[in-house]
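Chain nomenclature is as follows: A, B, C and D, assigned in order of appearance, with residue numbering initiated at 1 for each chain independently.
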Amino acid sequence: MSAQLAAYSTSNGEAFQFWVLGTVAVIGALCTVFMKKAVHSALCLAGTMIVLAIFYLANGAYFLGIVQIVVYTGAIMMLFLFVVMLVGVTAADSLKETIKGQRWLALLSGLGFGVLLIAGIGHASLTEFTGLTQANAKGNVEGLAALIFTKYVFAFEITGALLITAAVGAMVLTHRERTEHAPTQRELAERRVREGKHVPPLPAPGVYARHNAVDVQGLLPDGTPSELTVSRTLRERGQIRDVSAAALNDLKALEQRAEERLERAAIEPPHLKRTEEASK
Amino acid sequence: MSFPLLTATAVLPAIGAVATAAVPAARRNAAKALALLFSLVTLALAIVVLVRFDPGGARYQLTESHSWIAEFGVRYELGVDGIGVALVALTALLIPFVILAGWHDADPLETGSKRWRPTQGFFALILAVEAMVILSFEATDVFLFYIFFEAMLIPMYFLIGGFGDRAHEHGEEAASTQRSYAAVKFLLYNLVGGLIMLAAVIGLYVVAGNFSLAEIAQARADGTLHMATSTERWLFLGFFFAFAVKAPLWPLHTWLPNAMGEATAPVAVLITAVVDKVGTFAMLRFCLQLFPEASKWATPVILVLAVISIVYGALLAVGQRDIKRLVAYASISHFGFIILGIFAMTSQGQSGATLYMVNHGISTAALMLVAGFLISRRGSRLIADYGGVQKVAPVLAGTFLIGGLATLSLPGLAPFVSEFLVLVGTFARYPAIGIIATFGIVLAALYTLVLYQRTMTGPVKPEVSAMPDLRARELVVVTPLIVLLIFLGVYPKPVTDIVNPAVKQTLSDVHKKDPKPEVEAAK
Amino acid sequence: MNPVNYLYLAALLFTIGATGVLIRRNAIVVFMCIELMLNACNLAFVTFSRMHGNLDGQIIAFFTMVVAAAEVVVGLAIIVSLFRSRHSASVDDASLMKL
Amino acid sequence: MENLIALLIAAPLLGAAVLLVGGRRLDAVGQWVGTLLSTVSFVLGLVLFGDLLGRSAEDRTLTQHLFSWIPVEGFQADVGFRLDQLSMTFVLLITGVGSLIHLYSVGYMEHDERRRRFFGYLNLFLAAMLLLVLADNYLLLYVGWEGVGLASYLLIGFWQHKPSAATAAKKAFLVNRVGDMGLSIAIMLMFTTFGTFAFGPLLGAEGQQGIAGDASEGKLTAIALMLLLAACGKSAQVPLQSWLGDAMEGPTPVSALIHAATMVTAGVYLIVRSAAIFNGAPDAQLVVTVVGAVTLLFGAIVGCAKDDIKKALAGSTMSQIGYMVLAAGLGPIGYVFAIMHLVTHGFFKAGLFLGAGSVMHGMNDEVDMRKYGGLRKYMPVTFVTFGLGYLAIIGFPGLSGFFSKDKIIEAAFAKGGAEGWILGGCALLGAAITAYYMTRVMLMTFFGEERWKNQPTRSPEAPSAEPAAAHHGEHAEPHPHESPKVMTIPMIVLAFGSVFAGGFFSIGDRFLHWLEPVTGHSEGDSPLSVAAVTGATMVCLVIGVGIAYAQYGRRPVPVVAPRGSLLTRAARRDLLQDDFNHVVLVRGGEHLTRSLVYVDHTLVDGVVNGTAASVGGLSGRLRRLQNGFARSYAVSMFGGAAVLVAATLLMRAV
């Protein structure tokens, strides 16, 4: 009994480390899933990976631990972040489910799967436990190298080929040959004239200079916001802030104060009602 | 290693198919001529096979054997026994007539209709069918047989669906929809059968460990290969189902009338006279040899089904309004006879059945092709649209009558011999069934004569008044068939001499003896 | 402590990742979840290699990483081009598999 | 000498082949080729006959084995011929009468453009008939049997443009086919019982006894009854007689050849030939006699009512054949007389038919006797020959019929016991009725006032079928005339036959001695003396003639048939037998086939299509699951993985 325990037990330090970092890892994973913004997810994932790297080290996989940090956390996650920046925060970020019952099914199957998996592990009789002490005797990296370049050499080569292919593939996928040179300002202006609409440049965003952000639409004289005033990208991402309502309320408040001061009944400008309705 | 004669008989039409298909679209007649040439050369080869075949000799002759898929013991094994060689000859014999009769069936439609009909394809497909059928008659390796048994569906499908009969009471469109329906039905029925058979084939391999018919049959005979009763029965049913669909046996027959009705007459002949024979042939060769006990176990049911087919088919033939469907149902009735003969398990019955396959091939070909000529003249398949043809086209009517008389197996014409043998063979062991089956001959007379009377006799209908008589090409098609019918009716000995030994073998496989007569003749 | 716990952790992470794949619509996040699953597997591998006292497990984990890297490269490229073509990174938008 | 036998058949067969394949270039000479070849066959027959006479009574059996036809294990059918006294008799009758009828047809069919084919068919018929009587085994006989059926089909339906003719032909073939079924079953029974169906071993030959007797009586009875069924089909015996009347649609020579002289006698031949089998099955014999007696009366009654001269003669044919079958059923007592009556009947019935044809020929193909009358002075030869035939058939003393029919009646009584009395009574009654209706025919046709005067014999809506009418003025008042020589000569010859044959045969029992070796013969013990029977017959004869004269000779015959008694009306409709067939068989059959077609389409086919449809519908519903969202697919995938894990765990657990 005790022998068996010995066979299983590891140092308490590791135990402590496991329970703390393990919690962190799980939280990180959960955040990855449930964070609204992709950037946050990416960061949480990075955190989890670092924790995992530590676990690798703890498990005597020194090489992997380092690789994990360098490659994953360092390279892959950054790649992710780049793409996130490239794509930007999209409408897809919202956690609102669109497919009926998808979420419940997902959670259900996820839960069931997890339970089953854990049950399976518990059920499995994993009695043997031989540390890596003599496997890592000549050093972990050497051991790996010895294996990679003898036993797994072909797999190694193939993965190398795979990587190259992947790189080329990525290039092919993303690269776009520019057939004509980028239109100069002059050409753009001429085209505008030729098309005839919006001969003047598009109206600038922001109203009354209250907002200096580019994602705020300008208001038309009747108070309705104009799409044209924000850049196309933002429009497509649906990241436009509609301030027309706020602006109108400010206006109302202003007039309120004005009439309080002048003690005379406010003459409802006819257009206001409409705009209020519009702003509702 | 002698010259692979059997392979040649199959490869030649295959090459012909490719060559025909390769002919440029413009050179239509060249393609036709090429196809005809190839089919004729194949016929010549088949005759050589027939001559080389020694009835008294070994069971399987002209054998060839090469390893094919060594892992599963699949071998490329060919060989013919008396039954096989007869049917190979029949196939090789009929194809030239089919091609000749279908000479214009695949010509482009009149300018006006959009559809273009690939003539080359038509003839290439026919040759392809010939190749596969011949191979399935020659294959002595179960797996090999299965492959061709299934593969022949593909060209048949296109022949039915792609080149079907354009004559339809509700016009072109209805015809095309009917056609595709028929083609799909044909394909589905036979595929289902085929799949079930595939399962049985695999099962057989699991049990026997190889696919060689000869070896397995041998092992079964001398008891070295023992099968559990249930296993044998299941395997038997698997095989039999496929063959019963192909044959077709009631109640699996409904694809045949559609297919034969919608296909052009030559293709219909191809279906009923050539392709379907593979089914009955396979019953005789595979079911009985591989699973003798199960065959005996299933015999009563099969006989009943066969008798139902006979009577049922004949009755439905009487009720048809459509010439080709009528012939189709008649064929169903005849296949009932064939199956009856096979499973009566008497030498008369089985020789008769084999003979029946040959004769039915010829007689149906004669009747159906003439019917096709008739239909092509009037552009309608409805019996009601004809009348008094005999007066305008006596030769056509005469040949039609002879074909019909052959169908009702008039003595003196080939089918009589086989039909009577089947009946006697059945009667010897199952008198009741034999007698019921005998009603078939009355019904046969009924539907044939009704058909003849409604189409050929009576006052001349105005639509047919200008109908031309048989043309030279058509005569060339019909005359040999009729001559053959008469010859085999008067002197069937050559065929029976070839067939009998094989039948004897088969009977010994199933351990059956002919019943002895009560009173021994004072010889 | 019993190192089997590592396996439990791995299982947990894997499940979370899988669920994430199913729940999130943003292709990039989905991708991250996949990475998470891969990492969970790696953890399991590493733990196994420790248990059995040989390095094969680590080797496999190593290869997994490489493959994952390759996959990420291609996957992200796909996402980018997808975004370019339809101005969205939602996996649901690519629902052309419908009949 | 044996080798000539094959030639007997070959000659007409050759003729048929040549004429049918030959094409138009033979149109001119066709009829003569046909006639010549049948005559050749007749001459050969005579030669062989002479040869037989030259031999002793025992070895008067010639056999010729051509080749093995269908050899399969125990089943050995050969093409071989057997010529003994019985076959010889038939050969002479067939070829002789046949040739005469060929000759007659040359004149009768003169104006038919399809004459060549007609003679081809006639030759085919002769060939088949000869094959039937010469075959040395039942299977080959079956070939001839069906061949005769085919030929009769072609001949009856010769005027195919007439729907009635086509229908009649079909009917004849079908009814015969039913009989053939009996024959084929009989052959099967023989094969299973004896292992052979050749005459030699079965019925005995060259003195040694056949094995037919060795089988159990039950088997023999079965075989015999099946043979009887066959005989009923061919010989138009009740219940398969219905085709004979309609068969009169054919040209008159055909009626003469097929329905009087030869074909219908095939049944009798079959029974007599199978004597060895019938002798072993008394029950079957009884059935045979009953069938014969019934038909005898049936035909006679029908014959009384018909106004169509050919139909009337057809009725008489039936009843005469009835006599023969009756005789054949009596066993050794009657075989010889059956054949004898058959031969004499061949003569006078052929003569009568040809006479009738000649009358029609002269009367614009009018067949209704009520529109004849007083023709004796217009066509004397026809009158005389017909009259002689008439006297012969009613059994006028001294003429053929007298001898042959009386012998049968005696034999019937000689059967002994109650059966004997009943059968004999029937035979006598039949004799009386025969006398009645034949006299009726005679009177209506040749005597009385000329009812055909000043009235068109053809209504426009029933245009003439007979080509002869084409050149005679259509719908015009007929002007009767004697037929050309080529037609009258055969009639005269036949008349001679019908006068003297009987006497020639009976004096010194020539015929008996001639046939005895084949059929065997035994004198029954008749309760009545020969004289008594003859006397009774005479009385019946006189009564019959008397009544007929009273009805048709004294009083004028109404041109339009009176409504008549119930029996008469029934008899006009062949005693409702056709109606029965129509209602039960035809209608029933139609309904059966229709419903079966429906069943096949809805049930058998419906099941299949139904499954297909249901599968389609199911897949249509399942299709909804495919919403195209990768994630939902992923869910299912993940769930599947979960299930797999669960499964493995369970597997491990148990």
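The criterion applied here is as follows: a contact is a pair of C-beta atoms (placed from the backbone, for glycine too) under 8 Å apart; a residue touches a chain by one contact, two chains touch by 3 or more.
If you're wondering where the values come from, they're calculated on a predicted model, not measured in any experiment.
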Can you figure out the chain closest to the middle, judged by Cα centres?
B
Chain centre separation (subunit B, subunit D; CA means) in Å:
37
Just curious, how far off is subunit D from subunit A if you go by their C-alpha centres, in Å?
102
Per the C-alpha centroid definition, the whole-Å distance linking subunit A and subunit B comes out as 70
Inter-chain centre distance, subunit B versus subunit C - centres from mean C-alpha coordinates, in Å
61
Quick one: which residues in subunit A touch 2 or more of the other chains?
99, 102, 105-106, 109-110, 113, 117
In subunit C, which residues are in touch with two or more of the other chains?
18, 22, 25, 91-92
At least two partner chains per residue is the criterion; list those residues in subunit B.
none
Can you give me every chain pair that touches, using the contact definition above?
A-C, A-D, B-D, C-D
In the complex of these two chains, what residues of subunit A are touching subunit C?
8-10, 12, 14-15, 18, 22, 25-26, 29-30, 32-33, 38, 41-42, 45, 48-49, 52, 55-56, 59-61, 63-64, 67-68, 71-72, 75-76, 79-80, 83-84, 86-87, 90-95, 97-99, 102-103, 105-107, 109-111, 113-114, 117-118, 121, 126, 128-136, 140, 143-144, 147-148, 151-152, 155-156, 159, 162-163, 165-167, 169-171, 173-174, 176, 236
Report the residues of subunit A in contact with subunit D in the complex, numbered from low to high.
99, 102, 105-106, 109-110, 112-113, 116-117, 119-120, 123
Which stretch or stretches of subunit C touch subunit D in the complex?
18, 21-22, 25, 91-92, 94-99
Please give the residue numbers of subunit C that touch subunit A in the complex, ascending.
1-9, 11-20, 22-29, 31-33, 35-36, 39, 42-43, 46-47, 49-56, 58-59, 61-63, 65-74, 76-81, 83-84, 87-92
Subunit C partner contacts - residues on subunit D that touch it in the complex
623, 626-631, 633-635, 638
